[in-house]
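Each of the two complexes below includes chain A, the first together with chain B, the second together with chain C.
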Partner chain A sequence: MSDQALLERPAAVPAPTSRKGRGSQGLSRLLPYAFVILPAAYLLVFMFYPLGRQVYLSLTRTRLANPNRSQFIGFGNYERLFGNPEFYSVLKITLVYSTMAVVLGVAVGMIAALALNRPFPGRTLVRGILLFGWAVPNVAAALVWLWIFNERSGVLNTIVTGLGLERISWLTSTDMALPSILLVTVWQVAPFVMLVMLAALQSVPEEVKEAAVIDGADKLSVFRAVTLPHILPTLQLVSLLVMVWSIRRFDIIYLLTGGGPVGSTSTLIVKLRQVAFENHDLGMSSAYGVVGLMLALMVAAIHALFNIRRQRSNSR
Partner chain B sequence: MTSILKHVFAVAMACAAATSAMAQDKVTLVVSNSQWLDALRGEGLWNAVKAYEKTAPNIELKALGIPSKDYGDRLMTEFGAGAGPDVAIIQEGVFYALADAGLLVDVGAAAEGVPLNVTKDNGIVDGVTLGVPWQRAAYALIYNSKLTEAAGAKVPATVEELIASAKAVQEKTPGSIGFTARHQISDFSGFYMDFQSWAYGYGASWVDGAGKLTINTPEAVAAVTAFKELYDAKVIPVGDDFPTQRTRFKEGQVGFSIDNSGGTLNIASGGATKGSDIHAAAMPFAHPGAHQQIYVVVNANSKHQEEATAFLKWLMSPEGQAGLRKASGPDMLATDVPLDPDFVAANPWATTFAEVATKSHSVLIPGFETETTQIMRPVMEAVEEVLINGTDPAAALAKAQQRVDGMF
Partner chain C sequence: MTGFPKSVTRLLHAVLVLALVIFGGFPIYWMATTALSLNSELYNTGQVPWPQLGNLPAMLADLVQLPLMRWLVNTGIIAVGTTLLSLVLGALAGYALSRFRFHGKGPLGFLMFMTQVVPEALILVPLYAMFITLGLLNSLLGLVIANVGFSLPVAAFIIKGAIDAVPYEIEESAAVDGCPRISVLTMIVLPIIAPSLAAAAVISFFAGWNEYLFAATFLRDRELWPASVGLASFIGQYETPLSAVMGAALIFSLPAVVFFLLIQRKIVAGITAGAVKG
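Take a look at the complex of A and B:
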């Protein structure tokens, strides 16, 4: 039965005519709104109002210590922002970081999910261990990784020097800082991807896969023709989530490098914090925030387009 | 029976009313400071301040401790939102930002008739006293005499000598560290404040007489070049954050460091290195270095501005200063209260800090106090570029000059 059919009143049921019946009918008509009103109020107060306020602030000259005495300057902050070469560097780093986080995080998570999708002794234990990275709070994880990356006494350089190689400046060289941060990001994101994809993989009907095998399909073909189409919507959704989280990720980057060295890990959000709290310029920092928001919305729009295309092709 | 009950009820009501009146008379002043959370001297400082309640029984002081990393951000946000503590003990940078926003009260009455020393100067903005001095933490060269004597390393008077002495320490004691210094932008605030000692030490001034920002001067280039030489000498624990470096000094693993008096007090307390093994000397530069100045201010949003100003007046009095002296270790105070002789006997390094604090300069750029962090960001990124990528100091600072020129 379709959703529409479920919602429609069955023709055989007579419409209530009494006052009490009309009252309960009115109440039941209002009930959905009652369910929606609280979340809607929450979103309005804690999401849309701050968002609107941020957009407004981005059109003003506002100092951190004096937010109530702002001066409307139109697109002045955006003119300054787009005229600043540093902004394009920050934007590029944000895009590179977010894209790589999606590619690597989803790839590693997917591989782990495929490995865990088949039964083997101790599977539950392994799954629990692999989830560790996702369960650790970001700040704690960043502090642990700071020690791991420590140039003099960190675990990684102990291994590297043990292999007879030169110490690596994991967080203090412009070449290595971003890859090091990506390593921590993947360590955190991949378990989440694994968990979601594992659930998706387990929903793939076994009989369809078996039918494909009987038809002579090899493992790769079964994955491509049966498994992948089934898990594709989940894969797209998880990629969208990882991308949006990466665009707005702050704590790990700020704690590990603070945007350095020489701005090599300075993403939009790290820059936003710097402009707000070092330069005390709330207007300009809001402009950075709005750019980040637009970026996230663009990614969401691409995801929506993919969804529409898929639904159209399914309905043909 | 009813009559007795009536009397009891009346007495109870009278007592309740009296208690309520007393409670209403009592004013609570919230005093914020990141130092309240300091494991070593937080309690002592708070007790020194809390002693005011004996002088003013109608006042109750309530401590608001906020971690130093978030302190400035949080206070500025709270003050800007029309809230915040009645009294705040704040770094000079935050002081100027709040003063610029008109969020501080004139506390000139607290300083009337008090022989305040040179630390008062920056608390007066456009002729109005908006803050009275709390502490000044100046920078000096500190060293672990056990390590330096074992290595036969001399107390350096130049950067070249510092490099030689730091290397000597490392060679003599395997596993030891020659010199510690902040060197990463991830600790931007501390990095730029520490680096000011190098810049000022080489005679650099970030602003000229006409008020133009001067970043790529020969003096600044010389300072960056010298810092780079030290960085390349492999005597610094590259990658260590500064709390870790201080802990290493505390544990007796470090020969030399340039640190402020507050940091040195931390190093000298509660670790393997005794205060008597730590010594201090003037920094190995031709000119005086920097200091961090802290002021006490009254919030313009406070409902108890008069009481808060009276508290500040007591703080500036001989009684208030004497209490603060005991808890402040080597830091310079608002008045010239001599260091505690017992403290100096246990910490021979303290007197050097007291001396250098009279000649040192603020970490803030004169005339650009509220914009200093904004200006120092490209400067410190240039320093980092020199350290990491080996960029020519003159070229890196020229680029920083361009960025700064485009700011205002």
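Take a look at the complex of A and C:
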């Protein structure tokens, strides 16, 4: 930490001392802004202005056919939203989906990381194969999983009927659609968790582990007392990242089920698109989106809070 | 030790690894196997569960019927544009965040972190309305502009992290010699952090390569479709042979898989650093 502060405040650079700068240093005081003006302006124009527009839209009655003519109605959309039982079902699906994505994705990823943390022949190859789900583009992933899930000719139902069971409507029944989507999500998310956790596991100091073993600790207690505390901050970070990504996720859900059947896989973000482009109600669509954003922000805030607390306890 | 003989734990470990390999690798294996199947098998007699290389010519004959080449060119244009713009803006922001102290540094870092929380779908409609006004709606440039909003911050975080690790003394002498700061960045700093720059480039490139939602919403002409939209258009239609669709999906996935495997460690460092320090 102190190294970094040193780098940021080198004696010979005019800019950092420029607070007290006078005369000839006036120009160099502006130097940092010359660097950030373009990227900052870019984000303001193409990210935060649209975002602000969208939040404003949620306070208006606006139709898709005429997006530039909107009538301000205050919290009318939110009142309708919170009075609509459908909203609570969408909210519940979002929470169940993103929580399960974290629980299952982190569990599978963590197990994979532990399995790969010990040397065995072909480890590099195995590691590469396990990363497929993370590297394959969403659209390609959706195409192959749609075929795997295909009710009549898909490989899963070939196996299921081979076992003498009834065919399963993987993506077209309200019971199975969400679990099926979670399966694909875990396939996509677990590799990332594995990669990050593997890096964390490999940074556990070997000497401490050895010392514990010499002291007669068994493997499980070494894991609990040495490894786990060391990797816990990373585990926390990765869980929160997966949670935020799951709240944001659109492509794979939209492509696999479009939010159906009967809304059983309709998360806030998928619903947002449907309300905008099928019901043509931009105001209401934005309200769904704003709730989604709030949810993601809350998760990010919790993460920031953990971070601050950890940094405090570290600096003590 | 809790009593398991070594051979048993080794066996359990092998079984676990095998299960993980099947779960992680099967969909890609199945993509290839399906691409190398006859379409009559797929829907009628049942799929052969291993790749039949003999069917490759038949699949390729179907594949060339698709406008895959044009889609890939469009995808490439979007991806290259996204990369260039992300790197230029990301290097400026990353350098400033690493080397300067200035008013608004904290808020800028926060805004950049925010972009990773904002769902793409949330700015879809306002961006659509804006692009109508700017004449960017039915164009590849519009897609580049939309993508960069999300990939620029990631590039900036990676570049900032890399510059943080470069000792400042290296720049100092050049700065004293009166070399402009921007040349210090382009001629001294960026070459040193080339590996991280490459990682940022790969991430931006594939953000553009894989993007679906903006492309599906903003493009009207089929001529402009990238591969993601083109491939997604096969969902729910049965006129195109499935084997050719899977072959196309495989070709579309291959560059992403290869490059992500090459720079996996850098990506993890960048994403986690960005998330921690934002």
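As a convention for this text, the second predicted complex is superposed on the first by the 268 of 316 C-alpha atoms of A that agree within 3 Å, B and C clash if a C-alpha of one lies under 4 Å from a C-alpha of the other, contacts with A are read in each partner's own complex, and residues count from 1 in each chain.
One rule holds in what follows: contacts are C-beta pairs under 8 Å (C-beta built on N, C-alpha and C of every residue); 3 or more make two chains touch, one makes a residue touch a chain.
Note that the coordinates shown come from a computational prediction; the quantities given were computed from them, not determined experimentally.
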- Message: Looking at A:F75, would you say it contacts chain B, chain C, both, or neither? Reply first, second, both or neither.
- Response: neither
- Note on the structure: Per residue count on chain A, the busier partner among chain B and chain C is C
- May I ask you to decide whether A:Y88 touches chain B, chain C, both, or neither, giving the answer as first, second, both or neither? neither
- Partner chain in contact with A:P261 - chain B first, chain C second, else both or neither: first
- Touched partner set for A:A65, first chain B, second chain C, both or neither: first
- Message: Quick check for you: in the superposed arrangement, does A:F149 touch first (chain B), second (chain C), both or neither?
- Response: first
- Is A:V196 in contact with chain B, with chain C, with both, or with neither (first, second, both, neither)? second
- After lining up the shared chain so the two structures overlap, which partner does A:E278 touch, if you call chain B first and chain C second: first, second, both or neither? first
- Message: Quick check for you: in the superposed arrangement, does A:S169 touch first (chain B), second (chain C), both or neither?
- Response: first
- Message: From the superposed pair, tell me which chain A residues show up as contacts to chain B and also as contacts to chain C.
- Response: 64, 67-68, 146, 152, 255
- Message: For the complex, give me every residue of chain A touching chain C.
- Response: 4, 6-10, 12-13, 15-16, 31-33, 35-36, 38-40, 42-44, 46-51, 53-54, 57, 64, 67-68, 108, 111-112, 115-116, 118, 120, 126, 128-148, 152-153, 155, 158, 187, 190-192, 195-196, 199, 218-220, 234, 237-238, 241, 244, 247-248, 250-251, 254-255, 269, 272-273, 276, 282, 285-286, 289-290, 292-293, 296-297, 300, 303, 307
- Query: chain A touches which residues of chain B in the complex?
  - Reply: 72-73, 76-77, 79-82, 97-98, 100-103, 184-188, 237-241, 370-371, 373-374, 377, 381, 384-385, 388-389, 403, 406
- Query: Contact residues on chain A for chain B in the complex?
  - Reply: 63-69, 84, 86, 146, 149-152, 154, 169-174, 255-263, 274, 277-280
- Query: Hey, which residues of chain C end up touching chain A in the complex?
  - Reply: 1-2, 13-14, 16-17, 20-21, 23-25, 27-28, 30-31, 34, 42-43, 46-47, 49, 89-90, 92-93, 95-102, 104-105, 108, 111-130, 145-146, 148-150, 152-153, 156, 164, 167-168, 172, 175-176, 181-182, 206, 209-210, 212-213, 227-229, 231-232, 234-235, 242, 245-246, 249-250, 252-253, 256-257, 260-261, 264-265, 268-269, 271-272, 275-276
